[in-house]
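Both complexes below contain chain A, partnered by chain B and then by chain C.
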Partner chain A sequence: MTSWMQVKVKGLTGSLEVEPLGQNAESLAYVYAINLAKPLPKGEYLTILVDTIQLHASYPKPAYASQTDSHFRVYEADGLLLSPYETTSQRLRFKAPTPSIRSYHISHTLEDLAKEEPVVKSGATVTFGPFKSQPPTATKGFNRTPYRVSVDFEMNIPSLTVVSLNRSVEVSHWGANMNTQDDYMLRNDAPELKGQFSRLDFQMAQHARRMSPVIISAVTLQLPSGAQNPYYFDLVGNVSTSAFRPAAKPSSERAARLGPQNAQLDLKPRYPLMGGWNYTFTVGWDAPLGDSAHWDEKNGRWILAVPFMTPLPSTPVDKAEVRVILPEGATDITVHPPFDVSLMERSTHITYLDTIGRPAFTFHAENLTEVHDGLIYITYKVPLAAHLQKPLAVGIASLIVFSVMWTLKRVDMTIHK
Partner chain B sequence: MTILKLPTFAPSTLTNAASLIRILALAFIAGAAISSRLFAVINFESIIHEFDPWFNYRATRVLASQGFTEFWNWFDPTAWYPLGRVVGGTIYPGLMATSGVIYNILHALHLPVDIRNVCVLLAPGFSGLTAWATYMLTKELKDESAGLLAAIFIGIAPGYISRSVAGSYDNEAIAIFLLMITFYIWIRALKDGSVLYGTLAAVFYFYMVAAWGGYAFITNMIPLHAFVLLLMGRFSHRLYSAYSAWYAVGTLASMQVPFVGFQPVLTSEHMAALGVFGLLQLVAFVETIRNLLASKQFQLMLRWFLIAAGVAGGLIIVGLTVTKTIAPWTGRFYSLWDTGYAKKYIPIIASVSEHQPTAWPAFFMDLHMLIFLFPAGVVLCFKELREEHVFVIIYSVMASYFAGVMVRLMLTLTPVVCMTAAIALSSLLDTYLNVDEPANPDANGVKETATSGAETPVDGTISKKKKKGVAAAAAAAAVTPSIATKAKGRSSAENGIFGIDTRILVIGNAIFMLVMFVLHCTWVTSTAYSSPSVVLASRRPDGSQNIIDDFREAYYWLRQNTPQDSVVMSWWDYGYQIAGMADRPTLVDNNTWNNTHIATVGKAMSSPEEISYPILRKHDVDYILVIFGGLIGYSGDDVNKFLWMVRIAQGVWPDEIKESNYFTPRGEYKVDDQASEAMKNSLMYKMSYYRFNDLFSGAPAFDRVRNQQMPKEGPKLDYIEEAFTSENWIVRIYKVKKEDPLGRDLKTAHAFDGGKRRKPSKPISRRKALAA
Partner chain C sequence: PPFSPAIPTTLLPYIALLLCSAAFLLGFYFTTLPKTAFSIREVLVALVASILAGFGIVALFNYLGVYV
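Up next is the complex of A and B:
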């Protein structure tokens, strides 16, 4: 599943514009158009680099593993590039996280196309090809099945997936605070635990420090440097096993030595996450509003920058929903998400002692990775009256209550004396 | 004659200042009551405590999210699997309704407070109201100053805090407030003979009935009060109108609660109220007749009438009881009269620790100095013996008895102790803070002592002692509350205290006791009553707090990593917690309505694997959860509760389960080498100690709760397998294996998987023969 694509000209900085054209009705291939900065003169050549990120591209094999087993995954792919053009030479290079590669496989059809040695393994890298010249493959009659390649490699890093992430960001000008709260649903995508979990084996492995790397007993979130008052809870209450390491104060010596740093939140789930296990939790923190909001004096507007998400290292997010709640009475709002989100909604959010509610924007997106941690920019105006609305409302309400009590106390309601 | 010149103020200034100070004092008392209950939130977190509150919380969430009708008709298929439970008709909904109303009001005011926080803070909030209600009631008994003392006593007395700390979201949280406010309004109704107040008392009585099973206490206290007043010859039309209004409206209202239904007219517990109601009608009738007839005729008529009415009434009640129209006393009620009853006939009631008789130290722990002031206060009530004093005397007698029978009922004793102790202490303070000295000291011969004290300072200490004795006598004489003194004016008091030193001594002593009381209450509250028991705390060697969170770890694992419909079997203590935190169906829970079902679980736990397995499969059990404290020394674990499981199972299957089989021949409860065969083979024993030996890598395993060394060979499991064990091994979850697909019994299958061959037997040789 392609989650992200970036195109560059080799040797130049800055990426080229990519325009998705959707699925081609004839060849059933998804087509993208790349707009070159200037037309390429005939006879000259240009090297274009296309980076894409694919999610859930490998699967565990075997599908079940015990607590102490090392774990292997299989990556399968087309050996030939889908292309509307003729390809004179191509090869596929696969780099595994470890040199421990159990096997690799190339189909016979593809083997015959190879110019020399069809497959070469060196260290953690497996190279398929190079292959001979090919006619355009993104055509109606092309069958990809005979051209598959696969690699069976050992995985020694956790394969975690965020099944869903709900972020809610609330801005308060009175408190000069921006509160961020994330609801995570995690799943360990390592092979499912064979049999049942044995605490004894787990504790012994932990003691001997030979715990399988795919068992997740803690995750670390990199929070913005100003983050404070973090909290971590799940459906049954506070999880007491978290540790928060705030960033060094900007004025301190350590900060000068180390440069800008993130605050870190070490989260230890209630139980170690074995393969196939789920865990849901909520984390939240406060940060000074000044760190992410800027007063644009020229236009008399606030400019707010909200991170779309706080990525976990090499962990895809299947579904994300980000909700930004602006102060009550914010008007004249413009919204700029960092990438094309699948859906954007406006709603009204009512919280403590609000009278008319706050404007809120919800962004829905799927299949995100670390590269998607861009900023949502929102600009808005808050008139002075809106700032004063809440204290006035509370003041008037209390006044009414007290005057009613005062009146009742002074009215004689006895029928006869 | 005064010992101190006080500055004088205009009377209106004094009244206004006193009223302001009273309001401020009450506000501070409510603040103290609330904040002393927050230890649990500060030390741990905002969490629902213990067992029953988890159900109440779950029910409240249903009410808050789905509305009242849905809650009223809620059938919970996950409880008492496979029977299910009609929740709406089997609970007292007052608590949930209260939280639901508060929740909705807050949300209507745009205060989006989480329902959990409403539930956690409900008990502390209502304790503030209880303090106010106690103030009002004590004010009726003596005066405002006694009321304020009673309010602060009830505010921080551990006897009440034990059931109302933040997070202890149980019926008692609001019930004590309702108890006090109902009694207060009853007293007001009686004083004024007001039908309005009588009806109001009925309304609060209805609220109480909807909130707590302990409403029977009010149902019997008010009739008893009325009856005693009758016997004392104090029948009045005030009593008649107050009681009739309360009974008629209150009974009809209480029958609207589905769980109570027709009980108020059908069960023995409620007959006293009905009887007194009838009696009052008779007496009122007789009184009316007396005014109309000549005295001789009246005498004659009265005799016959009373005999006829008495006999008829008695016959009707006996007849109805015999024909079972009126239900006889329930077992729970019998256990109030005979403390050994429950142990013999209803082990399930006896197995609950809060149903045990109270130990003596508990009185001091829960009430501190109040327990000494309590009798003094009751005696002082005899001095005046107005109607409300009679009430307090009856209340104190009844509550003292019940508190002695059941630890849990300490709760109903605490308010009356606080009131009477406040009366006693306030009388003492009134006497000793009064700046007037008696006008004529010669009259009672006190002068000598006083003057000798002044003349010979060498004997100071002795004379002070003497004086103290005299002062005590004087205090006893002057206890008739200050109204008397006030009436007589400042200068002409006959009884009183001489000198300022006695005053300082006695008042200093009283203040010292009060300070000790506050310290004691704070200490008891913070150490004994503020543990959520879902989360445990221990100290690390360096003194920092270590949170042991095994329960939530295991429950959350169940919630996240097992199918939504997997049935979990555990002992009934953990039923509500599993339903609340793990959200999984359970076989039995803390609503112990079906003894047989519980006994079934007890039997499964105490039988060997091969006998338990069919029971487990028949009940669709997927997981079994046991609590095991042997590793870290958590004493409330299932092995310690095991004998109750055996006893309850024995009650239903006396032929199959025998308690004596689980003891060693010498009658000891052992889990080590000497443990009996029944013990070692029981599912509970096996699940608790499965692979426990391996943890000690060769060294003999040691159970830190029972302080016993485990046998070298640990138990083996064939029919179930370990599914999850929490970090400190407190919660262990086992998965029940499905039947073997090859049709072998699971023991053989397991042995085969373990690589053990069956001993060569005939089938093998036959196969050889075939091959040959």
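Up next is the complex of A and C:
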């Protein structure tokens, strides 16, 4: 499934505007309109680069593997470009993560369309084509199945998927703190484990440093530089196999100019993740509110910037829910998500020392990758009276206790004869 | 300008200790007051102790890591 699309003109910075037009009734293709900056005159050339990211685009083959086997995947695609225009010349170039490509396959009908060598493999790249003078393929009744190609390649990086991510960010003005808590559900998308997990084989591989990429034994999170007091637990309890490296203070002027460095949190799940295995856990940390919130003097409001998620390299996030909890009594709230989210909810969250509850905004999104790591901007106002609601609530509770004690002192509970 | 709290966070532990102990002592003094029909002193002591307790508890929560 396509998770992200960006269109650029070759040689120019900045991207063009893409408009999804939905599904065409005749050809059943999903159509996107790309608006050029200025119209292209007749007879002129323009090179447009369309970048898309597809999630779960390949599947492991064989589907089952033992913990010492290698990891091979198959990517299948349409050899002919899906296009509403005539194509003078087209080529499909596939670049694998490693040069070790087990096999590649091109269908016979597609082979006949190529004038010279239909497939060429060079290093980690397999090129199908060129196919000259093709008619438009996004038409009614055009059958693309005879033109399939596939490549069988070796994967040498862990294929982790975040099945679901629930992030909860709580802002505190009294404590000048922003707490971020992530609930992760991870899955290892390598070939599923065949047979039993052998702890002996695993420890031997670990000792000899020859662990197959089918196994995921650690996940590293890059946290913002001010992160402190991290916690990591799962359903069983606290997980102690983790290492937190706070952001290093810049040692020289030049280092300081690079900007704040990330803090790093290395997490080791309770058990190594074999192919097809899942792991669910919760991580959280505190950060000074001064790193994320600014006071806008001109409008008299606070501006809060919350990262949507902590991007994990080459890891798709199937479903994400981010909830931002503002201080009690926040008013005039404006919310700016970093990209189009599928659903935005507003709710009231009640926690310690709350009287009316805190406004909370939940953003739901699907099919995210590391390119979706933007900032959610929220602006709000908190009057002084709202700040004082907390000590007032505790004060009133304490006054109630005093009054109860006052009345009880004057109630005569002795037993009379 | 970046967010800076009205009360600096480094001071919060000391404020918590001071206010909570003051509220505790005043509460204790409240229990020693004589049993009269109505005494303004009792009301004042209860009021001051409650206000101190209010701010003291909020500072205590923040110091302990429950950022309210």
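Assorted remarks:
One rule holds in what follows: the second predicted complex is superposed on the first by the 401 of 417 C-alpha atoms of A that agree within 3 Å, B and C clash if a C-alpha of one lies under 4 Å from a C-alpha of the other, contacts with A are read in each partner's own complex, and residues count from 1 in each chain.
What we mean here is this: contacts are C-beta pairs under 8 Å (C-beta built on N, C-alpha and C of every residue); 3 or more make two chains touch, one makes a residue touch a chain.
Treat the numbers as computed from the prediction; the structure is a model and nothing was measured.
By the touch criterion stated above, A:H173 is placed in contact with chain C alone, chain B being left untouched. Of the two partner chains, neither chain B nor chain C is touched by A:A25.
By the touch criterion defined above, A:L353 reaches both chain B and chain C. Shared-chain residue A:G195: touches chain B; no touch with chain C.
In the superposition on chain A, A:M413 makes contact with neither chain B nor chain C. Using the contact criterion defined above for the overlaid structures, shared-chain residue A:R270 touches chain B, although it does not reach chain C. Between chain B and chain C, C contacts the larger number of chain A residues.
Of the two partner chains, chain B is the only one that A:T241 touches; chain C does not reach it. In the superposition on chain A, contact of A:A208 is made with neither chain B nor chain C. Residue contacts after overlaying the shared chain place A:A33 against neither chain B nor chain C.
Chain A residues in contact with chain B (one complex) as well as with chain C (other complex) are 351-354.
Those residues of chain A that touch chain B in the shared complex are 195-200, 203, 234-241, 270-271, 277-280, 350-355.
Residues 1-7, 9, 12, 23, 27, 30-31, 35, 42, 46-47, 49-51, 53-55, 57-58, 61-62, 65-68 of chain C are the ones touching chain A in the complex.
Within the complex formed with chain C, the residues of chain A that make contact are 170, 172-177, 179, 229, 286, 289-295, 297, 302, 351-354, 387, 390-396, 398-399, 402-403, 405-406, 409-410. Chain B makes touch with chain A in their complex at residues 45-47, 109-112, 535, 547, 549, 552-557, 559-561, 581, 691, 694-695, 721-727, 729, 735.
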